[in-house]
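Please read the structure below before turning to the comments.
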Amino acid sequence: MKISARNKLQGKIIEVKKGATTAHVRLEIAPGQIITASITNEAVEELGLKLGAKASAVIKASDVMIAID
Amino acid sequence: MKISARNKLQGKIIEVKKGATTAHVRLEIAPGQIITASITNEAVEELGLKLGAKASAVIKASDVMIAID
Amino acid sequence: MKISARNKLQGKIIEVKKGATTAHVRLEIAPGQIITASITNEAVEELGLKLGAKASAVIKASDVMIAID
Amino acid sequence: MKISARNKLQGKIIEVKKGATTAHVRLEIAPGQIITASITNEAVEELGLKLGAKASAVIKASDVMIAID
Amino acid sequence: MKISARNKLQGKIIEVKKGATTAHVRLEIAPGQIITASITNEAVEELGLKLGAKASAVIKASDVMIAID
Amino acid sequence: MKISARNKLQGKIIEVKKGATTAHVRLEIAPGQIITASITNEAVEELGLKLGAKASAVIKASDVMIAID
């Protein structure tokens, strides 16, 4: 599958925390650079997301903001 | 300002492409790792975004998906 | 690639309209049921999206609202 | 009320699952075609969403991605 | 139509700026408080959005971030 | 920090409700005008969000829809 989303950042899963319906998954995409995703518990199960596994963060360009100091 | 968005990735602006109302801004957040943001032209002007400047990509956790191969 | 997004609706591309930076792509996912996607021109080119081709609309569950009459 | 969101898919509610603050609602929009929405518990109550009721999924075009095989 | 989105802010349209495919619409929701929406040109036409008309900004709770100074 | 998001509405926190992973925070941005944000519990803690404190709702323009009666 190829997707239109412009951003795919490869990393390793360092945390999976399931809530009642919503889970938080953390990926390390570079040393010390962490991405947090809020997805459904169901997706965590369907994809079999586990600590230490390789995965990518996928983000649509229209969901990215830019900030400066 | 501190913001609730979980993801802030620091980088350097490598492209600013303005359209009629919407601009695409690209940040290099690590060697070879590029983030594309689709924001308003107005924001590009207000923040003075320019090639080579430091900036961060800010992304709400609920806008991040996870993919596996 | 498997993605956490809960919604994947298969269809056929019935319109591709490129703007200055942003394109609108329309899929027919069932007779008379049309989905409109606003994506980057770049994604249209990279995926080679063309009239009549098969494609899917992918939507994160947290981006879906529910309405009643 | 008329809304700018380009996508309104009519269907029937086939599941309502409330979590601590976030609920998942599933609509069948065509035979075998299911849409999952992640909305607040509060919205489920305010709209009185129940199994078997008619409802629509509403999605902004900028939240729709396109994928190809 | 009743919608699950938690945020509906009534106001008056003070600007409509169409681009190639994407339009920016500004509402004044209280004296000096302006909301900017980025929507499709098509929605602007379909809803007949015009300067001075009453309209509401509708925002899903999961798209709202919180910031502090 | 300056951010590209076009919408920053200042207000006062009138409710913080934490769920298992996701919290709902309500701001009063004008007399009787309430904004609900769905953010991570973690963000609530990191920002120290509390009843009565000043805070802003931040919303990207591409996440705002327009509705008319």
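The chains carry the letters A, B, C, D, E and F, assigned in the order they are written, with residues numbered from 1 in each.
The rule is short, and it goes like this: a residue touches a chain if its C-beta (ideal position, glycine included) is under 8 Å from a C-beta of that chain, and two chains touch if they have at least 3 such contacts.
Please read these numbers as outputs of a predicted model, since none were measured by experiment.
Rounded to the nearest 5 degrees, how far is chain A rotated relative to chain C when their C-alpha atoms are superposed?
180
Compare the two sides of the chain D and chain E interface and say whether they are made mostly of the same residue numbers, over half shared, or of different ones.
Mostly the same residues.
If you tally contacting C-beta pairs, which comes out ahead, A-D or C-D? Let me know.
When A-D is set beside C-D, the one with more contacts is C-D.
Let me have the rounded angstrom distance from the C-alpha centre of chain C over to the C-alpha centre of chain E, please.
Taking the mean C-alpha position of each chain, the two centres sit 23 Å apart.
For chain C and chain F, what's the span in angstrom between their mean Cα positions?
Here chain C and chain F have centroids separated by 29 Å.
Quick one: report the Å distance separating chain B from chain F, using the average Cα coordinate of each chain.
22
Could you list which residues of chain F touch at least two other chains?
In chain F, 1-6, 19-22, 24, 36-40, 42-43, 47, 58, 60-63, 65-69 touch at least two other chains.
So which chains actually touch one another? I want all the pairs, not just one.
Applying the touch criterion to every chain pair yields A-B, A-C, A-D, A-F, B-C, B-E, B-F, C-D, C-E, D-E, D-F, E-F.
Would you mind writing out the residues of chain A in touch with chain F in their complex?
17-24, 36, 38, 62-63, 65-69
Hey, which residues of chain E end up touching chain D in the complex?
Touching chain D from chain E are residues 1-6, 37-40, 42-44, 46-47, 58, 60-62.
Which stretch or stretches of chain A touch chain B in the complex?
These residues of chain A touch chain B: 5-9, 24-25, 27, 29-30, 33, 35-39, 43, 47-49, 53-69.
Could you pull out which chain E residues touch chain C in their complex?
Going through chain E, the ones touching chain C are 1-5, 19-22, 40, 42, 60, 62.
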